[in-house]
Amino acid sequence: MWLEEHPILDFSSKRPKLVKFYFEGKEMWGYEGLPIAASLHANGIKVYRYSTRLNRPRGFFCAIGKCSSCFMVVDGVPNVRTCITPLREGMRIERQRGLGKIDLNLIQGEAGSDDNV
Amino acid sequence: MVSGELSKGLPKTADVVIVGSGVQGASIAYNLAKMGVRDVLVLDAGDLLTGSTGRCAAGIRAQWGGELNCKLAKASLDIFETLSDELGMDIGLHQGGYLIVAYLDSEFQQLKRNVQLQNSLGINSVILSHDEVKERFPALDISNAVGFTYHHRDGHADPFLTTLAYIEGAKRLGVNFYFRTKVTGIEARGDRVEGVQTSKGYISTKVVVNAAGPWARDIAQMVGLSIPVEPEAHEIVVTEPVPRILDPMVISFSGNFYMQQRPNGSFIMGMGPEPYAHPKDQYSLTWKFPYIMAQKVTKLLPALREVRLLRHWAGYYAVTPDRHPILGESRYVKGFYMSVGFSGHGFMLAPITGKLIAEMIIGKKPSIDVSSLRPERFEEGKLVFEPMVV
Amino acid sequence: MSKLSNLIPPDEQVSFWSGVLDPESNLDLISVPPEDLWREKRAGLVVIECPQEIPCNPCHTSCPTGAIKVEPLTAIPKVNYDLCTGCTICVSKCPGLACFVIDKTPADYSIVKLPYEMYPVPKVGEVVDCLDRTGKPVVEGEVLNVTEPSRDGTKVIWVKVPKGFEMTVRAIKVKGGE
Amino acid sequence: MSDPIIVCRCEDVTLQEVREWISRGYTSLEDLRRILRLGMGPCQGRTCIPIVQRELARMTGKSIDEIGSPTGRPPAVGVELGAFTSD
Amino acid sequence: MTMSKSPAEIFGYSFPDIRETQLLIVGGGPAGLSAALQALKLGLKVTLVESGLELGGQLVKQTHKFFGSSLERAGTRGFRIAQELIKELTPFKGSGQLEVYLSTTAIAVYPERIVLLSQLSGKVFPIKPKAMIIATGAQERMLPFPNNDLPGIYGAGGIQTLMNQYGVKPGKRALIVGAGNIGLIVAYQLLQAGVEVIAILEAMDRIGGWWVHAAKVRRYGVPILLKHTISRAIGKEKVEGAVIAEITPDGLKDKYQVECDLIGISVGLTPTVDLLRQANVKMKYVAFMGGFVPLRDREMRTSQSWIWVAGDSAGIEEASTAMIEGQIASTSVAKWLGYISEEEAKREIDQLWARLGYLREAEVSSKVRKGLEEVLVTWGG
């Protein structure tokens, strides 16, 4: 849930643009430029990954990009620190299971287009 | 409170004292104990695995260009494949093969000759075409390569777990390990070893094994021997773990790199010396190294652009003039054995060399003839040739 | 496993070092006006519940009449009640929200002017729950005024309490909200 | 299985495992780091090392100053390899 | 197959140019911002790097008013102090005397004073400062208890970030572990955000934070249980509750089982010293200062003569002292680089130390004073 009324802080007048993104294929709304984790949390999503060895659910934790708790697969790239990575319109965000997955086509497609420039 | 090793005093005597608890020392200790020599002490000046073993890339390959190395490496591989079972602990073996990439015609010619030799020795390496490589390892960009050889049994084992498994295996058989125990002198009477002086007391023994890695020269000097083992610092970087996208260790001599995805998913990578000049005798790091490695490996494996570099460190190769190890008892000081100077390949050879040294100590004929690697070969001018190290 | 209670009473531990002042035994640690002056002073006098040395002095620096002194910086505030006008500037300035102005001059009630930084803000005339130092509602009170002397978000709520509750009521809670 | 006490989130190391290896005689921080990969994950030991230092101190009677800290190795946080390339 | 390129061509590499600066300040929190301001006023050229999206460090999450005197901007809310400091920096940006890099982390210190800076959405580039002030702050300690990794169990600082910086309501019912200042303040901030706070647990027999902060939350009915701790968290996919135990001479005795969807851990901070470690700065473990902290002289200079420290990375204290330490460090750098005379520097640093003196005078600061005795040194030469 987003905080709207607050005795000291003014959030509602300063919110960035609302954008659509996808969590596990499901459409959600969040604020552009704020960390991905913030919009997920506000949408009630607290489990961001399942750990590698013990398959433990993990979520938001350090909030400043220094731990591994909030790693998710974002647009085909695993280990994205969602607590510091800004949300962009249309992002596809998935829970990371273990090491997650790498979408080679996606990544190499990007690298390939670099070569053509 | 823990009844750690500190609470036990150092024994006054031992049948064998091994200096160095890296993979060499641990393998020798285990093999000795297995052969019945159980009054064995292993001393290490540092903590567990803080020397070269704990800093190495831990690749294992049988693709060599010299006959002896091929034989040793194959014998080692045979042991690696059953080691987890033998020692009762997972050593993290991953046999994803080694893909050797040639960027020069002359280099590829040599690789092809090596494959002939390897095949003749029972190593089933193969030459791969571009199409085969593309099909098997689609993540690689091989557009500029000339040719490839590959051996499916090559791979990687976890250097920490492998050594720990040897140590724990040796401990179960009665061997004692003492960390943070520095050898300060070795006593000899006439041409025989008598005992070892340490920071924690004196041990009387007839057999001392020098397995001190990059510090082997200093240990040899304690019995008046001068051996040509030079510490040569190499840098290495490792990434965060990611899902498996590359099975084999990929190395190139002309490209000067090695790179491999370990069982835990992280990529480890390094290279031989280049003109950016790392200080040879220090663990210190150079800021340019991550740039060099990143630029090299992302050309070969573009997906790595998205993978995070996590740690950068340096470790020593213990290098000899012919880049072959020194194995055996000193002709001049009886009871002083050496298992040193592996020139960057100590980890992959340890299972077999540990066995060979143990055989020598108990007076058995070594199961592979390594007399050409005797300590005195340098003064005799009989260096051993190997075309496949850079 | 034996059944564990799932309710922690708010007064499970009431002691000074759990953050609760005992208005009887801890009086020497705080600034309380002399009773005779207090009964007469229109607009009230300040009670400062700041019993611990803190390197902090906005009550001193913001006091327009120089009634509050904190010297040195870590001293416990001292009030010269002859100078205190009950203006509530310290109530809104104090970072510890430890200042309360209490007006005892009305005949049949008193007014506690306390700092408030919660949501929602009560309206004048609204009846709110008056809470003691452990958050226990002790009495209802009507809000007589809502001010913001420092214009920085800290409101000062004037709440009407029955006689005898001046040294008990230290917070308010708007009804209905959870 | 009882609920684990997680010491290291990156490598999923539990307090039970740390205690077990300490009682087997691996009583230095470096020993434990290499056996359990503590501090080698993406967080660089920020969470686990202080817990392990305290546990070592408790179990061995050494001071935390004696136990020490791991060598500082770059980078302080992980960085994409692509950031080191020129394009 | 045509062979067009040599291996050297294929695998050639290049390096970015090494940027130069006089003073590199790592960390844009209270210590780093004040260090920057002081250095700029003394005429130095400053590069300030901050890993977060905005300057201000922990200040931006603080809705409470700060202690101190007017010199430390007492009575002003933390986030406003950050705004004020940032505003004071603005004129220097235009003049070219100051470069600020946001979302930029100093990741490595290599020999010969090369520092690598990594930009979140960009590149890693080397910079070579003449001097560096490390003001990297602190990180939160975690507490070992069963299920301590469940989603919903966050560091208290993490809760502040989520709630006060990004405006997300972090949960409905919270339990706070640790009654130090951060635990007390976060509990209060949770109340402000409309979150119910079940209790604050404190292992010691008295609260660790300022008494007035405790009184603030108690007034709203939040119990503070001394000699109590969390004995385990309950939940499968995320935290659903907790068992609270009393700490008795015979060990933990389970006492309450509560429902909650948020547990805030605030059992202390540890200085963030990664860069200092990489630079082989001499350190010492001082429990009173939160962990391993760098030895430093009176001017906040470390054993590496080009590196200074300030703020929590030099030992856990308050934002007010952090700001003064930043000013001391910059004054010392300015002296070293010849921007002010020995006498001027001494006068300024003496004054700043006098302010530290009275900020640390309170009884509660006795631990900090003791800790400082252990790490304050005089470097030879």
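We call the chains A, B, C, D and E, going by the order they appear; numbering starts again at 1 in every chain.
By our rule, contacts are C-beta pairs under 8 Å (C-beta built on N, C-alpha and C of every residue); 3 or more make two chains touch, one makes a residue touch a chain.
Quick caveat, the model's predicted, so the values are computed rather than measured.
S.K.: When you check each chain against chain C and chain D, which touch both of them?
M.R.: Per touch definition, common to chain C and chain D: A, E.
S.K.: Suppose every chain is reduced to the average of its Cα atoms; which one is closest to the average of all protein Cα atoms?
M.R.: Nearest to the common C-alpha centre lies chain D.
S.K.: Quick one: which chain's Cα centre is the longest way from chain E's?
M.R.: Greatest centre separation from chain E goes to chain B.
S.K.: B-E versus C-E: which interface comes out with more C-beta contact pairs?
M.R.: Here the pair linked by more C-beta pairs in contact is C-E.
S.K.: Rounded to a whole Å, what is the gap between the Cα centroids of chain A and chain D?
M.R.: 27
S.K.: Express in whole angstrom the distance between the two chain centres, defined as the mean CA positions of chain B and chain C.
M.R.: Between these chains, centre-to-centre, one finds 72 Å.
S.K.: Once you find the CA centre of chain A and the CA centre of chain B, what distance in Å lies between them?
M.R.: Here the centre of chain B sits 42 Å away from the centre of chain A.
S.K.: Just the number, please: Cα centre separation of chain B and chain D in whole Å.
M.R.: Taking the mean C-alpha position of each chain, the two centres sit 25 Å apart.
S.K.: Residues of chain B touching 2+ other chains?
M.R.: 240, 264, 285, 290-291, 295, 298, 305-308, 312
S.K.: In chain A, which residues are in touch with two or more of the other chains?
M.R.: 5-8, 51-52, 56, 58, 61-62, 65-66, 69, 79
S.K.: Going by the touch rule set out above, which residues of chain C reach two or more other chains?
M.R.: In chain C, the residues touching two or more other chains are 117-119, 153.
S.K.: When you check every pair of chains, which ones turn out to touch?
M.R.: A-B, A-C, A-D, A-E, B-D, B-E, C-E, D-E
S.K.: Could you pull out which chain D residues touch chain B in their complex?
M.R.: Within the complex, chain D contacts chain B at residues 22-23, 25-31, 34-35, 37, 40-42, 44, 59-61, 73-75, 78-86.
S.K.: Once bound in the complex, which stretches of chain A touch chain C?
M.R.: 5-8
S.K.: Once bound in the complex, which stretches of chain B touch chain A?
M.R.: Residues in contact with chain A: 138-139, 240-243, 245, 264-265, 298, 302-303, 305-308.
S.K.: Touching residues of chain A toward chain B in the complex: what are they?
M.R.: Where chain A meets chain B, its residues are 52, 77-79, 98-102, 104, 107-108, 110-112.
S.K.: So in the complex, which bits of chain E are touching chain D?
M.R.: 14, 16, 51, 105-110, 116, 118-119, 122-124, 139, 141-142, 144-149, 232-233, 270, 272-280, 283-285, 287, 291-292
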